[in-house]
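Here's the structure we're looking at; comments come further down.
Residue numbering begins at 1 within each chain, and the chains themselves are lettered A, B and C in the order written.
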Amino acid sequence: MLLSLAPSALPIGIHGIEKRFGAVSILSDLSLDVAAGEFLTLLGPSGSGKTTLLMILAGFVRANAGSVKVGGEEIITMPPHKRNIGMVFQNYALFPHMNVFHNVAFPLKQRRVSAADTRERVAKALDLVRLQGLGERRVDQLSGGQRQRVALARAIVFEPRIVLMDEPLSALDKGLREHMQIELRTLHRRLGMTTVYVTHDQREAITMSDRIAVMNAGRIEQIDQPEALYARPKTKFVAGFIGESNFIPVECRNGSVWYEDRKLRMNDPAPSAGRHLMVVRPETLRLVTDAEQAGALNMLPAIVGDVIYQGDSFICYATLQDGRQVTLRDYCRSDVLAKLPAPGEPITLGIDAQDIVLVADQ
Amino acid sequence: MSIGSVSLDRAGRPDAVLNADALRADARRQALGLLALLSPGLFLVFAVIIVPIGWLFWLSLFDQTGQLSLANYARFFEQASYIRTFATTFKVAFAVTGASVLFGYPLAYMLSQLPRRAASICLIFVILPFWTSVLVRTYAWLVILQRRGLVNSWLIDLGVIGQPLPLANNFAGVVIGMTHIMLPFLVLPLYASMKTIDVDCLRAGMNLGASPAATFRQIFFPLSQPGLASGVVIVFVLCLGFFVTPALMGGGKVIMWAMRIEQATSLYSNWGAGAALGVVLLAVTLALLGLFQWLLGARATGVWSSR
Amino acid sequence: MTKGFCIHGPAIAGLLASVAVPASAADTITVASWGGTYQEAQTKAFFDPTAKELGITIKQDTTNGLDDVRLQVTGNAVKWDITELGADECARGSKEGLFEKLDYNVIDKSGINPKLVHDDWVGISYTSVVLIYRTDVFGDKGPKSWADFWDVEKFPGRRALSGSQATETLSVAALAKGTPIDKVYPVDIDGALQSVDKVRGHIDAWWTSGAQAMQLVKDGEVDMASIWNGRAGTLRKEGAPVSFSFDQGVLTADCMVIPKGSKNKDLAMKALAKFVSPDLQANLPLYVDNGPANEKAFETGKIPQERIKDINSAPENVKKQVLQDPEFWRDNLVEATEKFNNLIQQ
């Protein structure tokens, strides 16, 4: 069946990958398992090694050590053209001397697919990316979004078990990018191929992925589902890279957590000792306006710096006792709006015990 | 201008034509301004291309006695040696262009794959011969290739051959000498065009299942074609008018068109004889270039327009 | 010295040469020749002594031949007052009316072969086409005649002839088929072409310049060749293993003319008279192998006896050679050259 809805996707096992360019280590002892049919995103700032890892998977960059297995088969030394992995390049890498049809048919031609089959499969692939009837177009007659779709069609038309995507949406404008994110996600659900996606856009990663591997300086900092990654970052880097965070220094003594002279309650078990950072998302901070509500929350007194109205929400910058600036965001419900503080006014900030996450202060 | 249009408005023109005349005049003024900027260039083209070629053509129409005649052209058909020279000229041009592609393509490819620094050093070596006179280089080849030259004496000393190879003073010598001189003209545009080929396109080719050889054949080579085509055209056309190397390396047995023009100019006591040969060469060259363009244009749907 | 004295003639000017003062612009003429060692020799033999004797300045230029003269004359931009040409070029240029008439009251023509004395041009020197062969290949048993040169069985080896000078190669070809020296002219062109046709396939190079002919022989690219005697002499002087003689040589003359429209015609006439005078003509072989056109030069006693036998225009050597007929080639050059080109390119 052509472009079946659920081809037998294969898992990828990456173990102990080392990559150095001269004395510079790009990837060190990197291991990662991608489940069959999973949409996994490598997220990280530029220079974190995510693209290098992708190139190693595709076979364009040779690792110094390590293993890459696809469905149990070792491919680390296999030449790229035998790997049967689809890839979408950052700048699409469409062949400028071929029209849309020939671009998409290219992988089928290499696999000696008959002309009739090729026509049928290209048509289906173009259909899938909603470019039906554009086969005769020249590449330079297409818009950015259309080129992106051609690249996608070309990467999936030969039904690879694995698809790699290297920041495929980064060249598109914001509206189109968000639209394509949803389309890619839908397509992945339909086709079910194991997908490794590289991006530096944390919002894109959260929107699309089953799991996200956050990379920093050649290592995976944390690998988790988007919700877990956001709510329970394990390192300061992850907390800072994904979403906005207030970092408030705290100290742990005898199983309790202290900020200045206040003991804080938290649901997670507290570390026994040492200085840590409390990660507080702006939307988990609350303005405490009545005492009744206050009982369940950790309270932090602060002075309002500025309040910025943003239509659906507002942002309040406040200064804690130790002089540290924190950010609070809330929706503009009428009850909140009615009690909105003015700059310079003393306020009390509340944090729910279950929202408190501690990370090591590196 | 604006005053004029205001008064027109008062005269009751509808809003749709507000300032229409003024805008049209402005556009015309801009066009004239552009023309004025272009005129030095146009004049130069006229003075150094149109006029001399026209003059050449005009001269070619006069015979020895100064009478208007086609004698200079008729000669071309009456004497078999002219046709033979013409054939030789194109044979040499084809052979040299072919040899230049044979050696130049791999060279340009290697240069394009080298790191930038190494490539620029190697490029200097490609361009270096440009700084030496053609005459010197041709004599150097003579020293290398002739019967008692370096190549033959080495090969004989090594026992590879018993008799010297005929490498100079013949067709082979001309092709070798000219290929060396023409190589940079092919390599430079080719290299420039290869440098613009997106590495990701080649990676995409391999990723999609094409072996390195197939990737080269189906992607790299077609994408390098614009550079190859311009290099080939430059080399071919330069070959057609070449004089020094065939004169020295051909041993008088490879007579090319330019040598014929020189001969005709001194043999016949008028400029028309040489001019007519020049005009014929120009016409045939233009016709060939036109054919070349047409052939490439017809088969390339993407390459030429998309670059 | 004043300009007035100068006009009274070379003799007085010669007497007063020792007190010559720098010449003014009007006392300057420009002479063009072929450049190279030949022109250097002419400078020492002709130009410098003449300038000194006449008290004038002689500027020099180089020429490529008749085309240059034609361009100057038809373009009304005559830069030269005297220029050297090949004799057949002189004959052609004369027919085209490119030169000023010469005044043989000023120029003394005695001693110059009458074939080289014309209304508007006069012979100045001789070059010979000779047969040269490498002694490292043939020892002293090399080809001695053009018939030998043509005999590829008896004298195997690589050969070169002139491809650019059809007139010389055709003269040589006529000799090769056995035509006696005095019967070569008028050349039986078709017969000579047939003769060329016989050897054509064995010619390894058709040279187009004297330098090329020299290089071919010097580097051993060919074992025998036709070559100009000046080049042959240079090779011998450089110690190359070569041998040549004036037997069956082809004497070709060079001539000098005053281009039509020369601005210093009268002065040029006087200078030209000096150039062809036996006294200065006798200087030429002291510096170069081109023989003097004026045979009285050999009577001046300036040329050492042992040198005379090496000079192509010495009376003894002239007897062994064919003198090219400029006027024959004036009328037959184009046709013969086209046929010749046609033949050697097959």
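Here, a residue touches a chain if its C-beta (ideal position, glycine included) is under 8 Å from a C-beta of that chain, and two chains touch if they have at least 3 such contacts.
Nothing here was measured: the structure is a model prediction, and the numbers come from that model.
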Open item on the list: Tell me the fewest steps from chain A to chain B, where a step is a jump to a chain it touches.
Closed with: 1
- [ ] Name the chain whose C-alpha centroid is most distant from the C-alpha centroid of chain A.
- [x] C
Task: Interface ranked first by C-beta contact pairs - done: A-B
Task: Chain closest to the middle [Cα centroid of all protein chains] - done: B
- [ ] Provide the C-alpha centroid distance between chain A and chain B, rounded to the nearest whole angstrom.
- [x] 53
Task: Rounded Å distance, chain A centre to chain C centre (Cα mean) - done: 92
TODO: Report the inter-chain centroid distance for chain B and chain C in whole angstrom, where each centroid is the mean of the CA atoms.
DONE: 41
Open item on the list: Give the list of chain C residues in touch with chain B in this complex.
Closed with: 65-67, 70, 92, 96, 158, 160, 163-164, 204-208, 212, 215-216, 219-221, 333-334, 337-338, 341-342, 344-346
Task: Residue ranges of chain B touching chain A (in the complex, touch as defined) - done: 198, 200-201, 203-212, 214-215, 218-219, 222-223, 300-303, 305-307
Task: Residues on chain B engaged by chain C in the complex (per definition of touch) - done: 79-81, 84-85, 88, 142-143, 146-149, 168-169, 247-248, 251-253, 255, 259, 263, 265-269
- [ ] Quick one: which bits of chain A touch chain B in the complex? Just the residue numbers, please.
- [x] 58-60, 79-87, 89-91, 93-99, 106-107, 110-111, 138-140, 154-155, 158
